[in-house]
Amino acid sequence: MGNKALNNFLICGLIILIVSFFPLVSNNFSIRFGTDILMFAVMASAWNIIGGYTGYASFGNVVFFGIGAYITAILMEKAGLHFGIAYLAAGGAAALFAVLIGLPVLRLRGHYFAIATLGVAEAMKALVQNLDITEGNAGIYLPMLDLPVRHQYYFFFYMMLATLVLTLLVTYLLLNAKLGYSFIAVREDEDAANSVGINTTLSKTFAFALSGFFTGLAGSIYAYQQAFIQPGPAFTVQTTVQMIVMAVFGGMGKLFGPLLGALCIEMISETLSNYFLVAHTLFFGTVVILAIVFTPKGMIDLITQHKFGIAYLLQNIREHRI
Amino acid sequence: MAILEGKNIIKRFAGLIAVNNVDFHINPNEILGLIGPNGAGKTTLVNVIAGVYAPSQGQIQFKGQTISGEKPYRIGRLGISRTFQVVKPFPGMTVKENAAVGAMFGAGGKKTSAKEAIKKAEEVLAFVGLADQINKHADQLNVPSRKRLEMAKALAMEPDLVLFDEVMAGLNFSEIDQAVELIRKIRENGVTILIIEHVMRAIKNVCDRIFVLHHGEKIADGPVAEVLNDEDVIKAYLGRRYKELTH
Amino acid sequence: MLLQIVTNGILKGGLYALMAIGMSLIWGVMDIINIAHGSFIMLGAFTTYWLFAFFGVDPFISLIFSMSILFIFGYGVQKYLINYVIRANAFITLILAFGIEIFINNLALVSWTADVRKVEVSYGASNFSFGDMITIPTVRLLAFVLVIVISLVFFYLLNRTNLGRSIRATSQDLDAARLAGVDVARTYAVTFGLGVGAAGAAGTLWSILFPISPMMGGILTLKSFVVVIIGGLGSMLGPIIGGLALGVTEALGTNWFGSTYENLISFTILVLVLILRPKGILGGAT
């Protein structure tokens, strides 16, 4: 491994270490807030695999979140299984679903793929609302974690942190492997990718499955943490909106973009709700609008290009206006 | 034995017959030119060979194996590479990465890791003369360089047969001569070449044999001098003036 | 009984069709998927509600107002906001639409509270009967007639006027239209305005038949997607066919399986159509 890569790894390790200390010095509310940021970072990073790197913008990734949550709930509550097993099964089930639904749906491109995935998520929500095993709209209660309250907060924080590290590590390794190159080739020019020897169907499906796997893991932890899940919150399109906005805001197609995006968006959202008790979502919508008009390439691009001036913002508009 | 052989190839698109009962073959290490007026079916034929379309009728054999109906990526891995008439680089990747992708997934890809592919890419890019631009993004290149990159991607795949679709279009005379040199070097490395071209200067100087399509049908197939003097070819494509100008 | 169910489906389908016309126009001409579509429907509904509550304006009369107001609003949004990002990749416009949806929904929530409201007209309970077989609430019938009228107006606008010609030219080839002298910025703004105006009309009619609230838009946007996909892009007839198809299928489906299956039916149809025949029933040019 080159020197630069080694350096980067050490820096990352240091950051993870520092972040690990965070719960020890914070109150429960802050730990929960941190866990939420990590959860969104996992989902946004997972979305980034299929949306950012492979160029297939899924509008239904919440379906993997919901599947992960429900598989966990059903296995723990009805089959009495341990969380560890449920967690892995959740990821696996989500990945499997991604492969099954991906085979027909990944043949569609652009807008049609987006809407198909959206339809899948909504259909799944409606299905779960009507099935017996998922208790319909009544929802499922999960067994509580048998630890002192404070330690429960620790547990979920570290589980989510570990999941995020796993997601980013796997993404990083892929980017340097043939599979990662195939994702990007598919995004850049799918026909050219085919003629250069890439089995694009396999590539896309793999990307979608990975995306589903990590999102499912996040859903699993969420279900255990909430100790209760319902179809509405588990499959709401709002979650998809959030993960996409975060990935794009931070920088899609960049490794740390979604994490940065999750951090920024959650911070902004929290700050706004502290200042504006009543209308904070309103200002949040305004922030999203302004951000996308002026910095469509995301925060990472803003930072790496070292362009902090008005000129950069105006340049984006000049390039993109009618 | 011919390295590529097509028998009774017909390609229809909902009532329009683009390729009409064409027989063709290419011998190993040969440079075969494919010429004809626009709309004659040249690119369609290449698309059929490359697997973009399955032939409506007929069979294509490559190195003794039937490839008609196979998917493009499979044909690429078997040893046939192609370029696109309107070049298709991967814009968001660097020149080096573009070529590396060819090395990773082409015929030579099975035994090549990502790291090795990047090394191979550098070699191929030096071979086509793009060594000084390997770290540029593909969308920053000018037209002749993009054509070179398109060829590099195809060559990085380590093909036995390469299909060049109008790689000379838009080049000036000296650039054409350089490209012709490059094609000769490629053949010297043991690769068989099919080249679709309108640039007669290149066809005359580099091809062993010429194959002419007109309205989807083969109207001539033989040595360069013979074909370029063929009455049917002159009537269909070259024009009387060409014969006068070049004699 | 079956006839009644199918009739109900057709009536609701007409409403779906009107919702989808606006979305189809915007998508077909500008390749924009208007995620905020439901929010505009909601605004149309509330325009009617407030005119009714404060000034006693009959909701059918208020159609003129809601369509005009929403047209102007849509024109503004396109001209002063969306036009600034439209040449970036389609994704950026999508996120912008998300932002607009969040903004509008929450502005409504803050201004009008989350209370559910209803436009109760005096003739709301009266019915038309066709023998013993079909009973149709008068308001539903009126709404359906208006859907037809508005659709015809749109058809005329798009196919028989110069405005319509410039819209169609712009959708087919932006640069060619520019060269031919079309003011594309303004054409886009007018197109978006028309689409939003149609949404406003749909909102008005919806408010007469169903309860409304600031958050009602989300599911309506999704339903509009389904209709547009089923019917196919590229013609005015697409959303109409799609809307009727969805309305009838939902009516039959919920009758057989139960009312809680309505959404499952709609979205399963969406996914199936996309997988089997993405171009939709009328499968025109994209």
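Each chain carries a letter (A, B and C) given by its place in the written order, and its residues are counted from 1.
Definition applied: a residue touches a chain if its C-beta (ideal position, glycine included) is under 8 Å from a C-beta of that chain, and two chains touch if they have at least 3 such contacts.
A quick note: this is a predicted structure, and the numbers were derived from the prediction, not measured.
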Next item on the list: Please find which chain has its CA centre nearest to the centre of all protein CA atoms in view.
Entry: A
Notebook entry, point to check: Hey, which chain ends up farthest from chain A, C-alpha centres compared?
Noted result: B
Notebook entry, point to check: CA centre of chain A versus CA centre of chain C: separation in Å?
Noted result: 31
Margin query: How many angstrom lie between the centres of chain A and chain B, each centre taken as the mean Cα position?
Written below: 43
Next item on the list: Can you check how far apart chain B and chain C are, centre to centre, with Cα atoms defining each centre and the answer in Å?
Entry: 50
Check: So in the complex, which bits of chain B are touching chain A?
Finding: 50, 52, 71-73, 76-77, 81-82, 84, 88-93, 97, 100-102, 104-107, 109, 113-114, 117, 153, 157
Next item on the list: Spell out the residues on chain C that touch chain A in their complex, using ranges where they run on.
Entry: 27, 31, 33, 81, 83-88, 90-92, 94-96, 98-104, 106-107, 109-110, 184-185, 188, 218, 222, 225-226, 229, 258, 260-261, 263-264, 267-268, 270-271, 274-275, 278
Check: Quick one: in the complex, what on chain A touches chain C?
Finding: 57, 104-105, 107-108, 110-112, 114-116, 118-120, 122-123, 125-127, 129-130, 237, 241, 244-245, 248, 278-279, 281-282, 284-286, 288-289, 292-293, 296, 317, 319-322
Item checked: Residue ranges of chain A touching chain B (in the complex, touch as defined) -> 176-178, 181-182, 184-185, 187-189, 191-200, 253
